[in-house]
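Two complexes follow with chain A in common, the first pairing it with chain B and the second with chain C.
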Partner chain A sequence: MQRSVFSLSLSPSVKRKLVNAGFQFTNDLLHLKPVQLSKEATLSQLEALEVLQAVRKEGGGGDAGASSSLTALDLLQKEQDLRRIVTFSSQLDAALGGGLPVGKTTEICGAPGVGKTQLCLQLAVDVQVPQCFGGIGGQVVYIDTEGSFLLQRVVDIATAAVQHCSLLVEDDEQRVAMTTFTVETILSNTFLVRCHDYVELLAELHLLPDFLSDHPRVRLLVIDSVAFPFRQHFEDLSQRTRLLNGLAQQLIAMATSHNMAVLMTNQMTTRLRGGQSQQVPALGETWGHAPTSRLLLHWAGSRRLAAIFKSPDHTGATVQYQITSEGFRDIDQSEQTHTVQSTASQRDTGH
Partner chain B sequence: MATRKLKRAGVSDDMCEQLKRHQIESCKDLLSLSPVEVMNVAELSSRRASELLQSVSRAVAPPVTTALELWRQHSCFSTSLPALDRLLGGGLSRGTLTEVTGPSGCGKTQMCLMLSVLATLPKSRGGLDSGVIYIDTESAFSAKRLVEIAQSRFPDHFGCRERALQMAGRVHVFRELTCQNVLNRLDRLEEDIISTGAGLIILDSVASVVRKEFDTTLPGNLMHRSNMLSHEASTLKYLAHQFNIPVVLTNQITTHLGGQGSEGGSGFVTAALGNTWSHSVNTRLIVQYVDARQRQILIAKSPVAPFAVLNYTIEKQGICMDGQGALYEGTDPGLQPIRVQTEFNYNQTEPMDRTEQTQQ
Partner chain C sequence: MVVLREGMCPGLDEALVRDLRAAGITTVEDVVSSDIEELAQRCTVSYKALFAIRRVLLAQHAAFPVSGADLYEELLSSTAILSTGNPSLDKLLDPGLYTGEITELSGGPGSGKSQVCFGVAVHISYQLKQSVIFIDTTGGLTASRLLQMLQAETSNTEEQMAALQRIHIFRLFNVFSLLDCLYGLRGGRLQQACVGGGSVKAVIVDSVSAVIAPLLGGKQNEGMSLMIQVAGVLKTMAKDFNVAALVTNHVTRSVGGEVQPGLGASWSHIPRTRILLERQERAADISHSSVRSATLIKSSRRPCHIREQFDLQWWSRSKEESSGKRKRDETGS
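Then we have the complex of A and B:
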């Protein structure tokens, strides 16, 4: 495989020195030792080592391909091992295929006040439900860019979740688990960061991999919202798109490598299309590719509906939900039949 | 914080020089680059470049706290209206933006004046024992009324005139009548908060200057307006969080024409400034008319409270509430219809109110 040294991820000055010393392709470098290379190309020994490591990393993919590729069967087993975070709304869980997928990125879009933050807070509590209750017993990192993380509300939701679980206790294991599942521990397992602008958000994301290594139990990252810091201070929209793309990649990488769910919220914006104004998720078309799944919360009169409109493995579904004093819940049974009909009509007229 | 120079972020002098050649001087400039771009401008390998990014990030990134730590120092700013406090989980949350929106003459400014009085009260009486920054864009602030509310609401505390005047001395009013002035004021507000020891910021109103100066029918203006508004919102949020104080804003109403409303076709009155702005406020309270005397306050958007409606009247002592309030079926806070005055039409000054008959 002929590969130019220019394609390696090295600094330009190092590359220049390599070429000057006659190294055109990565093959030329394969069998060299660092000290030899540093003499030949007048690089420092450290630089030479980095060059060789870069070459080996690039070349390694081809030789050792068999061990790094996975069959779909492996992936299937892996995906089944990944637990999901339940939302406490059985209808939404069903629509999502069992809850919020761990290891994937999910975006919630919606009108102001429809319940985006509520769903985030609910999931931040739910991710901590102990395993013996069907939860995953994780921790959560919550990046708040809007200042809408209200502790009072978290305490309400946490209290309700603890009470719900305490009613389910049947065996000793669950009784033991309940001693460590209290409002206090829920709060202490919630790591909160308040970012005021996009620079702080980007900086935080650079540091997050280290934080996650130190806190291996983190299973959920919430960013509420991505939209707010990125909808201001941008004269140059192409720069914004570029930064958002980088951010999306970082998030996907973190979700996969640290085995956690990434949940972000987005605002809605008005777009004019053929004289008709329409509500669409903000941050542009390209951003739409970033999250694995997208969930749209919207109003239909005084009812709140959640629609899945991007998902790799589930067909679109619309469910009705409500926000109670306890958190994000299904609507009452009595209203359910009524919903099924109205959701059908809602989808026809949909967005 | 983000405009911090790289030198002070622990970047070596050589590297600063190198980056300066590419016009990269602050942390913000560097963090706006992709890792590949950083490699190019800094002439570093990818590992070194990511180390550089990490160390700069460390200088900029806000600290991580647990919710438990925050909960231990949690407190609210009581509105002195028990029913409203109970629904909002103790009062207005510190560090957040609360918007009061409604038709003219319905009590928005009264609410602001009352909150100003409350903030100056000693902590033992449920106040904040602090100064107030009051940015008045409509010239609606009345010092006389402020003292009147104080004296009639807390006759025992403000019995002697001395104390009432002292209270008035702690309310710092800035009269800013154009958008640019408001923005300039907000940019400098940090200094004012420190020097006056303010524990509450009031902006009455966000809407008036913006709506006066931006004709949204002209192309481009709407975007310009929403950029300006989100700049205002983010400045206020920053201040609210840094000083851990509540911010109260007032907004006007507008006629929403047709479209998504469940009534279909005809227009109705709703909060002004559009959808993006509605995202920006953390809590939205709507005040509206019931009849000539009775008014209502709706909790239309709140991370804590359910949709609720409370009746109140405006008395000599400010806003008085009777009853415990009831829940109502809420809808999109950007589209929540607002009832305006229907009986005394000659009182109305704003032309938009002509469409109010479409309300039931």
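Then we have the complex of A and C:
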């Protein structure tokens, strides 16, 4: 079968000119020279060259597409080489299969105040834990759209993480690593971007690949939240869906090519169905496909629960967690019935 | 529309192409639809020569009829029905994925589309010992899950590794790279992919909507054209190479709150068989049940709207309990 020029990655106006000049299939273009083509299809020489490069890449180069192919075995090895980002909650780590997966997108949904931002801040610190402590020693890009990035909380969480690691020091390697794992370095390895509306957010994501090439150690991208800028200023909902779909593809492409975890937060909304109201993640049904896995944080009485709602490699599970002054933590097994505050204070004195 | 070139058929030399072009005839279509007698006068070529050229061009570009008996013969010899590895789904598909056809799975987030795709890939590569091409456009593919499924099938590590090697993965995140890849496969890379033993029997695209949906709607109409391109190349590839194409699609909610597959009415004609996957609605807000229901919404073989239930755990079950479970599954359905 011949390939239509419409399927080439060119601008629509160029494609229209090609078809008007009678070139409907790529085969017709293969034997042409750029000058000839520019004359026949009334294209500029640069455009003609671009067209021919696109055609040749598709037709002749057998390696261009084949290089992106890999067997599942190769992928397995790649996956095993990538380490996950620990959450400092062993139960959640276990449910996620060892922590937040690198190279995938994860979404955290939940009601206000349930701890979405806290988990984001915790992971922004955790990604920087040196490799000899079981971390991945990366950097983080934190896109804040709600203005909820609290520096004081980051300092709290970072101090607790540094303290936790310093207690674990056993050999020289870890001692050396500790000299560069301080609250100051944690803060300087966090790149904060404040976006006020969806235009700024989309623009930032377009520029991000260049930033990532300059900073190859970035292992985590946090967007807190993706819902906020998209839940206002939209009259045309289908345009919103389209932009969000495009955004999702951009994020997963970045996550794959830069071996980076992408963490987004989403708000909840109420859906009425058959007279019953139900809390569901915002941004609509289609957006639900965007993240690779979805984590649902919710209240059950005074307990905070995290449920894995969607995941390609793990079945659903629910774990209980607490937010302490040190950050996102497991609940003590024996203290399950206690309130969050009392266990928090007990843990504080325990250290 | 194919542009006229010298050497396309005997008698069509450079001078003649130039003359024809001067007369406004640039494509095969122009030659076929023009008045030969008048053209012969304008280009000062013999009528006979032009007539011969037209006949050759027509023969080259025309489709020719095939007798139904031959077609049936070919169908019997070349079509394979690939089991999905799950009895409930097989029952719905009567009784599996047909090669040469496009089968679609649609469903909401977490409804098990990707899991079914993984299960099918593992079943074909391990049980049937054939190669599979898996095109991942959402980043949802994890090899560790494939390994888990294989571990449920066999404890022999070598066999697991061999099966993993028969699954070829492309990770593409926009529609143009998807098209490049599909045309590349169509242009002969499909056969090259089967070097590792076994021929390619299935091409899985998970998900086709992820790359197309961002382009649809609004004022631009390029998205529609690209969608049909994807559909066209998938269809011809499935037919020509006798592979089963399995694609996934998202769902949208109609005004009445009813769930329907995405990508609109034009796409709905593309897959031969469509299945809608749904979570079992429970009273509880979040249920961790792995039971899903599958509804047949388009099929040319079985009456539509048949519903089956199946368990996503099926592919990770261990061998020992499989016989008992199958019995339960049969009584349940």
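We adopt the following convention: the second predicted complex is superposed on the first by the 300 of 351 C-alpha atoms of A that agree within 3 Å, B and C clash if a C-alpha of one lies under 4 Å from a C-alpha of the other, contacts with A are read in each partner's own complex, and residues count from 1 in each chain.
We take it that a residue touches a chain if its C-beta (ideal position, glycine included) is under 8 Å from a C-beta of that chain, and two chains touch if they have at least 3 such contacts.
Please read these numbers as outputs of a predicted model, since none were measured by experiment.
K.L.:
In the superposed model on chain A, is it clash or fit for chain B and chain C?
P.N.:
fit
K.L.:
First (chain B), second (chain C), both or neither: which does A:S9 touch?
P.N.:
Both: A:S9 reaches chain B and chain C.
K.L.:
Which partner does A:T292 reach: the first (chain B), the second (chain C), both, or neither?
P.N.:
second
K.L.:
Just chain B (first), just chain C (second), both, or neither: which does A:Q279 touch?
P.N.:
both
K.L.:
Could you say whether A:N189 touches chain B, chain C, both of them, or neither, answering first, second, both or neither?
P.N.:
A:N189 sits against chain B, while chain C stays out of touch.
K.L.:
Which of the two partners, first being chain B and second being chain C, lies in contact with A:S213: first, second, both, or neither?
P.N.:
A:S213: touches no partner chain.
K.L.:
Angle at chain A between chain B and chain C: what is it in degrees to the nearest 10, using CA centres?
P.N.:
130
K.L.:
First (chain B), second (chain C), both or neither: which does A:Q163 touch?
P.N.:
neither
K.L.:
Under the stated touch criterion, which partner chain does A:S90 make contact with: chain B (first), chain C (second), both, or neither?
P.N.:
It touches nothing on chain B or chain C.
K.L.:
Have a look at where A:G246 lands relative to chain B and chain C in the superposition and call it first, second, both or neither.
P.N.:
After superposition on chain A, A:G246 lies in contact with both partners, chain B and chain C.
K.L.:
Which of the two partners, first being chain B and second being chain C, lies in contact with A:Q45: first, second, both, or neither?
P.N.:
Once the two structures are laid over each other on A, A:Q45 reaches no partner at all.
K.L.:
By how many Å are the closest C-alpha atoms of chain B and chain C apart after the superposition?
P.N.:
Between chain B and chain C, the minimum C-alpha distance equals 6 Å.
K.L.:
Starting from the residues of chain A touching chain B, keep only those that also touch chain C in the other complex, and list them.
P.N.:
Shared contact residues on chain A (touching chain B in one complex, chain C in the other): 9, 12, 239, 242-243, 246, 279.
K.L.:
For a test of understanding, state which residues of chain A touch chain C in their complex under the given definition.
P.N.:
So the residues of chain A touching chain C come out as 1-4, 6-9, 12, 22-25, 27-28, 31, 57-59, 62, 64-66, 68-76, 78-80, 97, 101, 103-105, 238-239, 241-243, 245-246, 248-250, 252-253, 255-256, 273, 278-279, 285-286, 288-290, 292, 294, 296, 298, 307, 309-310, 312-313, 315-318.
K.L.:
Would you pull the chain C residues touching chain A in the complex into a rising list?
P.N.:
Chain C reaches chain A through residues 1-3, 5, 26-27, 108-110, 114-115, 118, 121, 134, 137-148, 161, 164-174, 176-177, 179-181, 183-184, 186-187, 189, 192-193, 196, 207, 209-211, 213-218, 220, 222, 225-226, 229, 232-233, 236, 240, 250-253, 257, 262, 285-288, 290, 312-313.
K.L.:
Chain A touches which residues of chain B in the complex?
P.N.:
1-2, 27-28, 31-32, 34-36, 39-40, 42-49, 53-54, 56-68, 70-71, 74, 76, 89-90, 93, 95-97, 227, 230-231, 234, 237-238, 240-241, 259-260, 262, 274-276, 278-282, 284, 300-301, 303-304, 306, 329-335
K.L.:
Would you mind writing out the residues of chain A in touch with chain B in their complex?
P.N.:
Per the touch definition, chain A meets chain B at residues 9-14, 47, 50, 54, 111-114, 117-118, 121, 141-142, 146-156, 184, 186-197, 199-200, 202-204, 206-207, 210-211, 225, 227-229, 231-233, 239, 242-243, 246, 267-270, 277, 279, 299, 301-302, 323-325.
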